[in-house]
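Shared between the two complexes below is chain A, which pairs with chain B and chain C, respectively.
Up next, the complex of A and B:
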């Protein structure tokens, strides 16, 4: 391994980047059609929580994705990246899936392989589904209930298929009695007791304990069917066998991926997918700026990763192609959290002092400002999760009167905490996230003004689970403030907050309840939530959990994160969905021309 | 000559074994000393204990280090079977390891990406050699002239400007702005024109850096040689200036140039990381960068070995070519 004879001197790089950014701005073409036109760009935010140019979608053509990062795995059992789950719907189907609708409606569950939503009996512990007629694999053979069961059983084979979400395992077999299909001694390798398949069309789930979000978890791609004779185990990621409208034609990890139509798929069997393009290509770029320029030049239709354009590309796009941009809320909250094991953060007043002392506008600016960074975060429930109140719930007046910090109130809280002269602490921040480092520096500067002296410790970001995920290490290092971010795996309070706030989820390694919250009221609300089937009541409980968390002063929210995402002039039927944290819903994207 | 070659090949093989052991130690032993369980770096976001244990079993990470090294060497010649957690994966010879990130054997990944890097390195080398040496010779012959000063200013710029600047600049002007060149890589097997179009900017960018260095070295060496007695003698004997420069001075000038070329080409074949990243070329440099980001140790190890082999071979070729170019060099 080697590099050219160049040194990576930081100043040189920054100067170079600045000059090149200027040149790129000049070189970029086009005018700013921010209002949109029929055949051109739909306009700024035209696809944000609403459908843009749906009627212009034609059958045919090649939809071109570009990405700076490949999926962690294209195996439906193993993938954990949000964009991968979104993309997997091209070649995989589930019993139920998220609606192909814009915004909050997209987060609702709708039947896919199943004829309807679950028939729930036994006090929410039994879920029964019937499969549709005409659902097939890419070789034309019918998809059976046993294929669905086998696909779900693969989640238990963590020793071979690691990496993906394990909610199904936790919900159906919390004691871990089943060993997974590869160690299953039964002749058909379908020994998981929690799932029955009385015939090829029926599948019955038996939960040891009711869980109100079980159907949301079944909508994750990890619940996709897999056919036993096509299961290549760990290598399945290289060529998953399709149950959806497209199938793998070629895949070279980190280079490119091509999907073509699955001729065995029948539109009549699929109420969800429209399958507009004939072909879908993905090209991976190692230079994010190059990717953005290719988007702007029209060589590529959209970014596979959906994590927003780079600062350079964003500047050009906002200036000259605003009509091609959407600015959705990502579903992520960026925040600081206070571990109660580190003194004086065991005292709520000291925690509150940090919240009041922080300059929230400065923190928002460090995150990228209101457009690229997001709205100032005022509480801990992402706006995309049912029960969230957005900026309307702002108990600390973070986006209101105290948005630039309230030194007087902070000092009052310090006095109540018994630290009238302030205190010293350490801010832990990942060293591979420059924006997080910038927020740590911003927080450090504003806290200094109220007498809180904070040192910044930039730890190895790749070792996060072992460093801040270890409560004993956090205490040993004196990390009073940890900078982090979190998004929901599925858009409910359970999908977002359970690992963060429920005391049962405190663990000695890979812990995510960094604040070490042990609040019986919060635990009780989560227990109540999982046993509640009524959507309205679930929403109420979610709101209450959020309030309890904020009242504890465990978190200082920075932003309700937003992205700037690009959609090309060629795209039609474009919309963002809360199901995938504000990304465009890939599966029903169309092109305006079949050429 | 044959004995010399055999001696050099033997030395190269020994060097390669040492390199493998050192690199293997860096990746598999040093983390162990630092208390890091490298099995965790092979699994994804959910570091399930069962997954970590299966990786430990598959890679034999609990075995003594010398057994692990032996298994690695054995894999190169006879292949290797990884088994653990109820899954068996065979890696055919030559097995340089197995990436549990992409679920691919390392060797096919390397051979798939190698032609891109080779094409980049060779194309750029032709350009920088022709332009750099020609500019250096002309500058030496026209010392102090406007040409000399101009060429050396350009050369200084080439040495000073990093690839990530000149590369982005070239893309901004010729690809995004003027749209003369698409700039996206197309495999040679798909389209010769497309391949050339995708490679021309990386070649020029890379050659600009190296040509500048070669021009400066050529100029300095040529000036030194032009002052040598045997050049004066050649001129005194009435030989034409073309023969003096072309036949006598150039031969000696080429010796250090050739040494540099061997090292540079060898190193570039291991992956021109900055160039491949800037132009999104799917070569070894891009592969190793992705592997570093993903902590994909087997790929990093594989590319490191490819680089070592390339440098060793290039040096061997250079040593042999010395004798051809410069008769004063004796192979002993």
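Up next, the complex of A and C:
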């Protein structure tokens, strides 16, 4: 998943919460961190991995979102932004979805349209679900298993409906035999062989190869049902046909979006959604500072994008309205990666020299510091992924003895690499991410001290896949160090690391294995992971993969990212969830007053 | 109107004031004074222009001695000082953006780099680009302007149309587009060197029509003058007339326009760096500092004030000096 596409989840939150609590005592400068009054803010971090003011939520009222960026698409098949997946649960239901509970528990999968979790047979290759009674579309017609199948088939129509996650396609039809519903010659356009719908209530998935994460993928909104007669193809984003408690009332892209109650939806048919407000509005702003100001003024309840406040608003909010803020871990790792095709980064010692030479505290400060940026990253598995060890696994002593850089050690590695006098290289960084440019400058300054002369090349951030995603271009431009960030689509080592570390994922464009890692051991561990159904064993393999990646010295992690999000005084039943990278769980937000 | 009765303005004949001064000198022998000397006498009397000139000189000295000055205050423009930064907000510790005995103008947010050192080094870039691009513009403008004015006809038509075209060209957009496709290494330069080189060339290239038009206009009127006729009738070649007869009489407007052009160029460089197509990090530039300061205008206003004031003072000094030079060389010229 690319940086913009914030999604992903995390499971292990206790460690992070403890760190946050520790910071509070040291870094707090005023602001009420009390549990908050009934009408006021709930307090700093009151909704971080726990539910704030649940009992104050009343039915009714208008919940007001604001966003600096519209969704890439509101079509359930096409959206890839994490906030869009989160928001889609207002108007779409899935067979299974993530639990509507705080923190790590929110990342667990729970039945939604289905009566229960999958019946898994045939050694993990067959998944069977039965649909609940009383589930309906916004016009009152029942949702059938064929609607679910059609909705999933749309993922195959990448030529018309590009942009969304394609895991379903990769897992169910890895050879790409099915052409998608729009080119489907069968009369009902339900020709996908991997899914059976023996009756309107039953749906059976046949995987060609077992995959331990299949149900996680079914919980993504891209597995939502779509009804054939309402499928407007590329225009579906303008008015997705609702299966959830709210439906589209109006939408002007980039300006505003209004959802109203879907009267056909019945609370009794939905074990997940509470549907407190009567109306949900989203207003889009062209300027993030403008949005932050409106949040602080109380005109808007929360940020739709959930990417954290910008430096300006953040400072004001931290100083004056601390009780309205939460400081969750995002599930992202921010890092520098060393393509092995660019000399001298083919030599592990030269890679290690950069890791030792970097000033990790300075990099953390450039990312925004311990609160707004996150804890210093010490390895490449985000805290939300099972098998992650957080700062406990720190092979380079990044957060320990070498946190301000270790010039002696770096020089030693340079000597071992045969470049005792240092070398010259280029740092590639997106020009539209000021924070990333700041980290590049920090890295440049600390590397200069050990004799590594780095030039910064700011490339067009909107062209990322074609520039750093093209190994031949990376080699041609001599990008020895690439600054990037990555978060999981779903919280497993497969959902995070497969595209980054598996040699099969090296491609000529849109490549994400920037380091060009071709390690048979890592590939083998991924193959083993996919076939492992035991949760404990899966965790072990995840840990081992992470260790192998770190031992290769391919990455210099900067931070386990955190951000600061605003919640207005009006909100009740607020909590962050690992299902959506530490964002607030939108679907069950309530208001304290129905006005 | 009839031409011969009217003195062309750029002849820079002795002004009424000087004639009066000469008259007041009475019986004293009338001494011939060169144009430069007259201008210098006038400039010396203009306090504002002199102040501007002194500031300009000072800036040049600062830019030239940047490494020495920063060494004296013990600060490196590219050294990070995390200890000066509040980790929670990323802003400098202490009041007024961390101004202290060590950091005369405070430190940058996030990195803690010394602002004084960066301002001093930033002057190098500003002045370098400002001066050299003016030189490019003046050379091109003078040569092409004089050719257009002197030869007239199709030469004039072609050069004039080119000037019209260039004046209508959106130069800022062009530079942004050009810089983003520029290679990292070029002509033995790399990184910031390439950027500076490109900025100088492009700013200079788009600046020459302004000076070219003035030179052409002056040449048009000068070439009909009697002394040119005289030279011609004595059998002087065209090159001789161009460079020995015309050029010396064009020096005044050229000097005036180039002093007025430098501050504009400095502003253009600042604008380009502000837009992110100027020098490359970590090279310090005032425009880039301003651009970075936007995120902190509320929490650390000093960071925006310092480079802003630096640009303001520099441009003001050049403008005052330029105005003074113009008044001195061309007292009858309209403001």
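The criterion applied here is as follows: the second predicted complex is superposed on the first by the 560 of 595 C-alpha atoms of A that agree within 3 Å, B and C clash if a C-alpha of one lies under 4 Å from a C-alpha of the other, contacts with A are read in each partner's own complex, and residues count from 1 in each chain.
Simple rule for what comes next: a contact is a pair of C-beta atoms (placed from the backbone, for glycine too) under 8 Å apart; a residue touches a chain by one contact, two chains touch by 3 or more.
Just so it is clear, the model here is predicted, and its values are computed rather than measured.
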Q: Report for A:73: first if it touches chain B alone, second if chain C alone, otherwise both or neither.
A: first
Q.
For A:254 in the superposed arrangement: first (chain B), second (chain C), both or neither?
A. first
Q: Between chain B and chain C, pick out the one touching the greater number of residues of chain A.
A: B
Q) Touching A:293, do we find chain B (first), chain C (second), both, or neither? A) first
(Q) One more residue to check, A:497. First (chain B), second (chain C), both or neither? (A) neither
Q: Name the contact category of A:437: first (chain B only), second (chain C only), both, or neither.
A: second
Q | Overlap of chain C and chain B interfaces on chain A (superposed complexes) | A | 27, 29
Q: Please name which positions on chain A make contact with chain C in the complex.
A: 27, 29, 310-312, 314-316, 318, 359, 361-362, 364-366, 368-372, 426, 431, 434, 437-438, 440-442, 444-446, 448, 455-458, 460, 477
Q.
Under the stated contact criterion, what part of chain A meets chain B in this complex?
A. 1-7, 12-13, 16, 19-20, 23-24, 26-29, 70, 72-73, 78, 80, 157-160, 162-166, 180, 182-183, 233-235, 237-238, 252-256, 283-287, 289-291, 293-294, 296-297, 299, 462-463, 465-466, 510
Q | Sites on chain B touched by chain A in the complex | A | 36, 40-41, 43-48, 50-51, 53-54, 84-87, 89, 100, 102-104, 109, 112, 161-165, 168-169, 171-173, 175-177, 179, 182, 184, 206, 209, 213, 267-268, 270-280, 282, 285-290, 295, 300, 303-304, 307
Q | chain C to chain A touching residues, read off their complex | A | 78-80, 82, 85-91, 110-111, 180, 184, 190-191, 276, 280-282, 292, 295-299
